[in-house]
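See the structures that follow.
The following pair of complexes shares a single chain, chain A, combined with chain B in the former and chain C in the latter.
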Partner chain A sequence: MSERAPRSAEPLLLKALALAFTIFIIGYILVPILVTVVMSFNGAAMIRFPITAWSTRWYADFLGSPQWMDALKNSILIAFGTAAISTTAGVLCAWAFQRFHIPFRDGWYILIMMPLFMPGVVLGLGVAIAFGGISFGGYALYGSRELVMISHSLWAMPLVFMLMEATFKTLDYRVVEASHDLGGGPLRTFFEVVLPMVSTGIVSSLLFAFVISLNEFVMALFLTDRDTQTLPVLMWLSLRSAGTPRLAVASVILALTVFACLTIIMLWYVRQLRKVAR
Partner chain B sequence: MTAPAALELQNVVRRFGAVVAVNNVSLTVGKGEFVTLLGPSGSGKTSTLRLVGGFEELDGGAILLDGQRIDHLPAYRRDTATIFQSGALFPHKTVAENVAYGLRMRKVPKDEIGRRIAEALDVVRLKGFEARYPAQLSGGQKQRVALARSLAVRPAILLFDEPLSALDLSLRLQLRAEIKRLHDELKFSAIYVTHDQGEAMAMSSRVAVMNAGAIEQIDTPETVFHAPSSEFVYTFIGESCCLPLRIDGPDLRDRAGNPVPLALGERPADGECRLYVRPSRLRLAGEAASLPNRLEARIHFIEFLGDVYRYHLKAGALELAADHAGSIGHGVGDVIAIGWRNEDMRLFR
Partner chain C sequence: MTAAARSDDAAFAAQRAAQERRKALAPWLLMLPALIIVLLFFGLPTLYMVRMSFNLHFDQRLYVPGFTFEHYINLFSNPLFTGAILTTVKLALVASLATVAIGYCFALLVWLKPARWRLLFIGLALAPLLISEIAIIFGWWMFFPKNGLLSYALLSAGLIHDKVSLMYTEFAAFVGLVYVTLPYCFFILLSIFDGIDKRLLEASADLGAPPVRTFREVMLPLTWTGILVAFSQSFIWTMGTYATPSALGPDTLWTMGFLIQEQMLGKHNWPMASALAVVLVAGVAAVMILTRSMQSERNSFHV
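So, the complex of A and B:
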């Protein structure tokens, strides 16, 4: 048996500091969210402390307002579109990089990743100028949800590409060869063998893209009009006119949507782990 | 005209940059024949197999399957089936779905698929495992599924890519016997790649010993073992002791210049040479008395290998190892006689 050494004051001090720091970080992360949640139940007409009356009237107001519900619908539709576009493009791109010899590989790589490092203002303005007057058969591209989806994909697609490139590197290529060996052509192999093997990466990609689009503000501000504006855009516009607790409600709903997405990722991930790594 | 061979390689060449991985290999596998490619890593045996399977592109020569050229076809249009070292099962498909995959790709009717799955799993003794996922199987079971998956499509040739090398010894021996039994029953044609000469000997109709991208010798296991065509084949195919010698007329000396009193049967030409003997063929002490090649050697150390004791001996600059069942009653440091017959040694220069 070894004797326990007497404790000196130094590690105790370190532990106390570590604890204090941890509490500070947790508070730092949670305070903005908690303040918003609390404020959303404010019964008053202005966002202001102290809260004198508790109420859910602003929730009812939000859900009953066509303008706000439309903005929420726009946000969600654009997020779905962005997830679909950027995941399809990013997955195919990463697969091509992994499987084929591509000339000027590094150049293409930089090109694909570049939008991710561009300020939203630059991208938003660029897209707005480029597509400002263009319409297809009377359908104006500028101000449409589709243009916002494509623009959001400029950010989401490089992320998907990065994620999937790493995922494809962990793939056991003998399994891909086994599929070819048994008579599975390239397309059958990709859909029946490769995609199921990287399903966790694909679900993560979809949700990453979805959340990025849901949270994006600057590009959406440049590219939407009254009919297609997203929730963050409407929040910003209404903050300039009147800071009602409806804003806090919108924040809570936006945050809840993101939380729901993260929950789906976690559930899927656990399910996959159970199935494959038993 | 005779029926075409199951597989024919004609002057096959494969290069990786400046390295020639497969150098002008020609090989014929008859119907129902089990041919092993045996060689150390880097000898080109796996590259040769991958060329047949369609996973590598040919740089020269031709590959014929049942008399038809296949080297221009992608892997998924070739009637070959590979059993990979790792098994390479589809992790998200059950055992039954794994076996069904190749049949579905070949558009076999549904009820026929069910029958063939049952048959293939029966053959590899995995009945009742249909609904399991690969992650729920042991290493040996995975390789059985891989085997069933390949057998089910009834390919023109089965390609084994070191399928047992990832398994532990007892399982390896068990599956080795099982593959042998399956071959005797089903009479499939096969190429089997391995670096384990025991596997090669036990299973093959013929063994092709490969070195540096070329086939050094191809023959029955018995011939390859008893009449190796080159020094490489002799040393690779079994354990051996190497005695470096210098012959100068009637004078026979080791590299240090000590005289070596060996008969050597027919007197070989002058110069440097290497004499090889196998530890299992050396006789010790009294048993060596009447043999034509005899040396006095000191016991250096003794290894117990289970079935035999291995005596490591030194005679001048020569080092030998001899196996003997049971102890010979001598210990380390004793000088004893060691001898062998003329037909148990080979001389290479």
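So, the complex of A and C:
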């Protein structure tokens, strides 16, 4: 009994430590987010605490500014392009890895995954110097949205590939064989049997790619010009000159775009679950 | 055997052969889009970048074709660049250690808490992942300065009497960097914890081990691989991240990533920027190989 007494103090200490850490981590993660949300409703022109006047004037300012709206449009277009490119390439490649014998399989695997471990600044630099002066029939590749889409795919595609490889492994291949036995060709089987079965994985891939592209700004900084610059790039350039509450609005709108996508995905999952239940 | 049957056989064989050929070709066709992206937009630029780092640079031109080691020599002798290399490694090391420590505690906490808290904490950890790095930078950018929230909060609480600014200090850069890398660390470590049987803790306690000893002799060995992976992941990430330290840190905090951008977009010195990038990638690769070898050593030791 006397031996147990000092030990009961330890869990209490641990509990206190755990509580302190919980408060710390919640505060740490939420601070920049809350600061941004609060500041976006600031009525003054300066970033200064305490906030004395509240208004939505910076939202109106953002929505009314062609420069910022164009940047948002560029961001969304590039994110859609990245999602389409990286999901198509990643899904097909993962299917090839799952269903076929590929010579030097590990080598290809490493090559496809490698860009994911490269710093964005290096990828951006490489693509910029390699494609800086190239144009197709008067259409300059450098500064175009397409080049940014492909560069963002260097990060997004390996992720899609990884995700889909894992998804394809869980597939029930008796269904695929059944489709073949019933006379379905490989193409038809892939599109009508396999793809619907992995639709959740594909939707997740699209989302990953979209979010990565929407938020990325180092590669975009190297590869865009005034007409194609994305919202994060414009934010970065404005931050260097002067910070106004407009930047907080831009942050909020960027985050809202991401959360809108997440909501769509959630609705999709719920619908899929209902379908299975039925 | 009739002639008709024989020609049927031949047709069948031809069909078979065509099918075989298609089957051999199919994986390459499927991999084609991915390979185009990786080879044309990653492999080729990387080779081009390596070649570029040996080009000459004079007359304010972007580059002049040639062959010189000048940029590499400059890189390892000019105090500007050696300082940047040192700063990058130091910052990455400190930030990664802190990230792993905080991420480890966070993951441990989520693992030990009842399941109903789990989703909430995972949502919390996801937040920095879903927010753009630029928005994170800007969030801290409003927190640290003289007129920022931190100064205001401390002042209102009566803890200080004058406004304070932590903006443009190494501490601010460090806080921002840890914030950006923390979620990666957390999820890597949580997945490791999830593979551990919680009853091990009870068993260790029942055998009379105090929590500290249980941690050191049970938890640490079991999660060692995860710690290594999380550390190398955040080290690689912080080495390459330049926006956060350059926006939140002091003007003298020059990391390699910052200098790459400076040389490329500001000074228009492509060979120097490329040489810096090559050294940065070499550093990243070295860290990856090192942790990989430490991992396998550890594994073979256990087996």
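Here, the second predicted complex is superposed on the first by the 255 of 278 C-alpha atoms of A that agree within 3 Å, B and C clash if a C-alpha of one lies under 4 Å from a C-alpha of the other, contacts with A are read in each partner's own complex, and residues count from 1 in each chain.
One rule holds in what follows: contacts are C-beta pairs under 8 Å (C-beta built on N, C-alpha and C of every residue); 3 or more make two chains touch, one makes a residue touch a chain.
Predicted model, so just to flag it, every value in this text is computed and none were measured.
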Clash or fit, chain B versus chain C on superposed chain A: fit
Touched partner set for A:Arg188, first chain B, second chain C, both or neither: first
Touching partner for A:Val122 - first (chain B), second (chain C), both, neither: second
First, second, both or neither for A:Trp68, with chain B first and chain C second: neither
Partner chain in contact with A:Leu239 - chain B first, chain C second, else both or neither: second
Chain B versus chain C as contact partner of A:Asn215, first or second or both or neither: second
Touched partner set for A:Trp58, first chain B, second chain C, both or neither: neither
Chain B versus chain C as contact partner of A:Ile47, first or second or both or neither: second
Most chain A residues touched (candidates chain B, chain C): C
Chain B versus chain C - smallest C-alpha distance in the overlay, whole Å: 5
Touching both chain B and chain C, residues of chain A: 186
List of chain A residues in touch with chain C within their complex: 7, 10-11, 14, 18, 21-22, 25-26, 28-33, 35-36, 39, 46-50, 85-86, 88-90, 92-93, 95-96, 99-102, 108, 111-112, 114-115, 117-123, 125-131, 150-151, 153-154, 157, 161, 186, 211, 214-218, 221-222, 232, 235-236, 239-240, 243, 247-248, 251, 254-255, 258-259, 262
In the complex with chain A, residue positions of chain B that touch it: 53-55, 74-77, 80-82, 84-86, 88-92, 101-102, 105-106, 133, 135-136, 149-150, 153
Touching residues (chain side chain A, partner chain B) in the complex: 172, 174-175, 177-186, 188-189, 192-193, 196-197, 199, 275-278
Residue ranges of chain C in contact with chain A within the complex: 23, 26-28, 30-39, 41-46, 48-49, 52, 102, 105-106, 109, 112, 124-125, 127-128, 130-143, 147-149, 151-152, 179, 182, 210-211, 236, 239-243, 247, 257, 260-261, 264-265, 270, 273-274, 277, 280-281, 284, 288
